[in-house]
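In the two complexes below, subunit A is the common chain; its partner is subunit B in one and subunit C in the other.
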Partner chain A sequence: MSTTSSLIARLRKKLQLDNRTEDGKLPQIKATEKSIPTNSKTETESTTALVGIGHVGTRYATNVVLQFQAELAVAHAAVATELDDDWFEKNNILALRSRVTNHREFLLRPDLGRRLNSESLSVLQQKAKKNIDVQPILADGLSAVATQGSGLVLLNSFIKECEALGLSVGTPVGVKFARVWLEDEIGQTVNARVAAILLGERPGLGTGDGLSAYLVHDPKIGNTDGNRNMMSNIHQRGTTPEHAAKRLARLAQVMIQQGTSGVSLDLTKEKDLAEASGYQYREPQKRNWLVEVHNDIKTN
Partner chain B sequence: MILKPIRPRILSLQKIPNAHEALLIGYGANPEKHTSLALITVDQDDSTYVALDEATKHANVDVVFAKSFYAGSAHSSGKLSGEILGVLAGRDPDEVEEGIKATIRCLEEDACFYSANEDATITFFPHVISSVGYYLAAQTGLQPGESLAYLVAPPIEATMGFDAAAKGSNAAFVKIFPPPTETNFAAAWLTGDLNSCETAAEIFAETIIEVARNPKVYMNMRDSI
Partner chain C sequence: MKLASKIGNRHFSFQSVKEVLAKANAPRSGDDLAGVSARDDIERVAARAVLSQLTLAQLRENPVVPYEQDEITRLVEDNLNEDAFNSVKHLSVGQFREWLLSFESTSEKILAISPGLTPEMAAAVCKLMSNMDLMIAAKKCKVIVKANNTFGLPGRLSSRVQPNHPYDDVDGIMAVAREGLSYGCGDAVLGINPATDSVESTREILTNLHRLRTTHNIPTQHCVLSHITIQMKALEKGCPMDLMFQSLAGTEKANNAFGISVALIDEAWEIMKEKTSNKGPNLMYFETGQGSALSSHANHDADQVTVEARCYGFARKYNPFLVNTVVGFIGPEYLEDGAQITRAGLEDHFMGKILGLPMGCDACFTYHAKMSQNELESLKVQLAAAECSYLMSLPVGDDIMLNYQSTSFHDIPSLRHLLGKRPAPEFEEWLHTMEIWSGDKPGKNFGRAERLL
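On to the complex of A and B.
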């Protein structure tokens, strides 16, 4: 937009020109009609996926770029958040620590996040129930935001669902600075048949609040990802914690029945596994626009 | 009504997604670089030059062809001819489409002629571009991003206006197009900081209105001697 219209307005005032047209209105300098056609938003309002975002030439529209940057910032913020040191105690969960000593080290040294420090190991040995079916573990993982958000709901529902299936559940433990494989050491220490770690998952665009659950049969140091089964996207826009808990408990039961987990677990035998929490209607998911763009300049 | 905006009318808009190589060359495009063309005819040439330049700021397009027609839109060769044909070229259809959107937006909302007298029999173009795009930068020899006062009026009004604008502002002439141009108007480009360009355009506009009000000042003076 050039500055011509404002200088014309100035000049009109200066020359005291009669600006009225026949109908008494001031002449329009700027057209009010939108000159850019906008597409229907119906499709894009039914999903959080990045579809129907339009384009400007061969590039993204500015509002899309801004949204991307904002969502990335949400993810960065989630990774950068640290769990309060006394958070587990406050919530009556047996608090443990990995071998990691600070947050930066946690991000840079996954290996240290996979083992308990010696103090926590002895606490676990002294205080936790042994010889159980399922050992539940709550941890921060890569998103303390998610753990503090819906971690307790998932943990408590999971314990309740396991008990409802007749499984014996160990003392719930919480670990700060924990990686997935830490479940091996914890499960092995308490002699659990299945170890289940529930932790904040690596944040994606705009989702810093997702939890994942990793279950392993016969937990022991040296297990690999091939030995595990996992469920991701446990959050309000994905699988809700309540539904996830039902499925995870059933999964733990299946692991015990088949005596294995991971690649060798035969899920085809358990047709009800995916439906363990039943089917239900879910409202269409809407994308949460973090960036407001004025309609006049929105080009998609 | 004086200083009434006279909106340019877009008479035809066409797109050639994959133009013939000979046509590309004939209209100044480079087949190595350009595939698609967007064509526009409008009844105001100078608004369109500005609007085509606007396209180069919004999309990766080049203004490969833009020429005014002789004697202006009142004497055009057909109802779709107007007073200018502008051609944008780009490497794909989306790119020229995005360019032409910016051109249309500029024509609809920004660049236009204004009336200098009540019945709009005298019109002029006192336009200020705060930051020129690649097309007008190449035409004027300025750097993209510099400010430009783009001033157009009929011959005698324009001549008085150019003189007053240059004297009354810190803007400097880039080029003067004395009459007759293709459309029989006269034009001038002045540059300087944005403020100077605005001052130049404002003085220019005021002078044109003054000349339109008093077309025979000199004769009146002689009569009074």
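On to the complex of A and C.
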């Protein structure tokens, strides 16, 4: 090495532009430290938010990126999934369709998802029980995955709980491409005192399995959200379908007793319903890690 | 009224200024749903051509909802600054666009004429702008406000920490709040959307956030985004509250669906002036978002961009500390995909800024909209480059209560690093003291939430 080039090399070293070892080789790069303790255990157990995930520079570690991508893919898949056309029939549920004809239209035209198509309307008129206390409706909503998952359990438990309270229950119906307000037309057609639609809710990250339920007293076209009571997050990590069914049946009973629903329904005296508003004991929250990797390739 | 134009050999005519405004909009699923959009891109350009030659005075004379029918129209008209209006009324919308983009217009000059602009004027010029036009013009407007810290200064990028929780578990909320602060987020506000809209939970969360803020001397604001009537009751019962929040809509009818009116917000503002824990003078926090009026059938056949601008006409009465558009929140029936959400975010930020508001943006998408994480990251960079005052921040951008994807705790320091932006000055000083972030470098406590226990 000439004097000049060795001088330059030493200078580069001094300025930390060069991290070569004494023998001129590049050093092995160490894996970046990213795992950092955060908060206290009890507190991180009190939320499913992705906290304590550390960072690489200002960005996420690779395992966090993959978890996130997996969760996003699960949510998108839940939205994109369509109910098989014969799914309701196979499960002995009277199958109906909204006015929506395809999935994209379902997303872009909520107005069409709020009404039955003419064929379904006449099927409902001909085949469903009339003049009942409660009309149960199962639908896809924004996650057919949730409907196919715990939808049947929720529907059947709800019917059982209603009957246990002495309420008369209508013919269970199922609707593809349905929005919440469709319960108005269905309930009105069968002359139900309360209509209850159980449907897949807008998926969260990694959670396409949540169901929501919307109940309305005196269902009729023209009702708005202010006329309804709802319960969301019905899934194993939130309110279980069995527990939700009990509460929803009681909600229907109270609506009939008070002759109203929505903002004018008074739940202050209904302890079992107030209890479910969010302040009871919950199991510690956990986030499911979706990604597992096996690598059997032998390295020398 | 003759409103017509010719594109090549196709002739177009329009019945009203409202129709011209609607058809001039960039494509938008919500305008299709409302039945007000142009039939095709050629008609869209034809409408823009007509719009470009309307004067600002003609827009003032033709609000999209008549004065007699709507209190937002009345609020705007009755409070318009005549001196400011007189300095721009003769300009056509096309000329106004050119002035906003020229080297001639500065922040001072734009903000001087701003009180003379109606929301319809801001919306109109927006429709003639490309995305980069919107960024260039918005960046000029330095809207600086003050509460416990100074907000909206040039070269700064702030964020709201949004530690929402599906059942308002206070431990869970506080754990996420600390995590956000440890990444240098939260200089705009520590703000929670409660799952339960009750006075008790609003007071409980506010009290706990206030304790976190005072224990560590954090120069920021705190807020619980329950309905404004709930917050008013919480204040009456007594609790610390730095900012009072409400979602606003662009028409009287849509505001009624939100359970609010101009009189109610007037009353809330008065209570806030008397009882807030904030040093002031800016006390209010508003959120908006394209599509909210149509979702309550209250859009009066106007397009969603113009109705959105009217929200800002409402908001500016109250000298707010924060306003943000929750741009992709309602769903694909209003903004279908990444291109529409991106465009809407840049439009809303621009319109808010030229109407004189400290405008931020919740750049976000729901999981049933067609937008990817990469597209959302691009929008964040565009907004930050346009000097959007603040973005949201959540763990991995994931709201576990509202079920949508927004900006993350990691995105805020990333954007500051990428674009050379800094936090609000008082907060920057605090981050330095806490060894979380200094200058353009992370400190030893960066990402270490346990240091804030």
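One rule holds in what follows: the second predicted complex is superposed on the first by the 221 of 300 C-alpha atoms of A that agree within 3 Å, B and C clash if a C-alpha of one lies under 4 Å from a C-alpha of the other, contacts with A are read in each partner's own complex, and residues count from 1 in each chain.
Basically, a residue touches a chain if its C-beta (ideal position, glycine included) is under 8 Å from a C-beta of that chain, and two chains touch if they have at least 3 such contacts.
Keep in mind the model is a prediction, meaning the values are calculated, not measured.
By the touch criterion stated above, A:Gly238 is placed in contact with subunit C alone, subunit B being left untouched. After overlaying the two complexes on the shared chain, residue contacts for A:Ile221 are found with neither subunit B nor subunit C. By the touch criterion stated above, A:Thr58 is placed in contact with subunit B and with subunit C alike. Which of subunit B and subunit C touches more residues of subunit A is settled by the count: it is C.
After overlaying the two complexes on the shared chain, residue contacts for A:His76 are found with subunit C alone; subunit B is out of touch. Once chain A of one complex is fitted onto chain A of the other, the partner contacts of A:Leu15 are limited to subunit B, with no touch recorded for subunit C.
Applying the stated contact rule after C-alpha superposition, one finds that A:Thr4 touches subunit B and leaves subunit C untouched.
When the shared chain is aligned, no partner comes close enough to touch A:Leu267: not subunit B, not subunit C.
Residues 36, 55, 58 of subunit A touch subunit B in one complex and subunit C in the other. Within the complex formed with subunit A, the residues of subunit C that make contact are 29, 32-33, 163, 165-169, 171-176, 178-179, 182-183, 195-196, 331-333, 336, 366-368, 373, 394-396, 398-400, 403-405, 410, 413-414, 417, 442, 446-450, 453. Per the touch definition, subunit A reaches subunit B in the complex via residues 1-5, 7-8, 10-12, 14-15, 17-19, 21, 27-31, 33, 35-36, 55-58. Subunit A makes touch with subunit C in their complex at residues 36-40, 42-44, 46-55, 58-60, 64, 68-69, 71-72, 75-76, 78-79, 107-111, 142, 201-205, 207, 233, 238, 277-279, 282, 285. Those residues of subunit B that touch subunit A in the complex are listed here as 1-5, 7, 50, 58-60, 90, 92, 94-95, 97-99, 101, 104-105, 108-111, 114, 126-130, 194, 198, 201-202, 205-206, 209.
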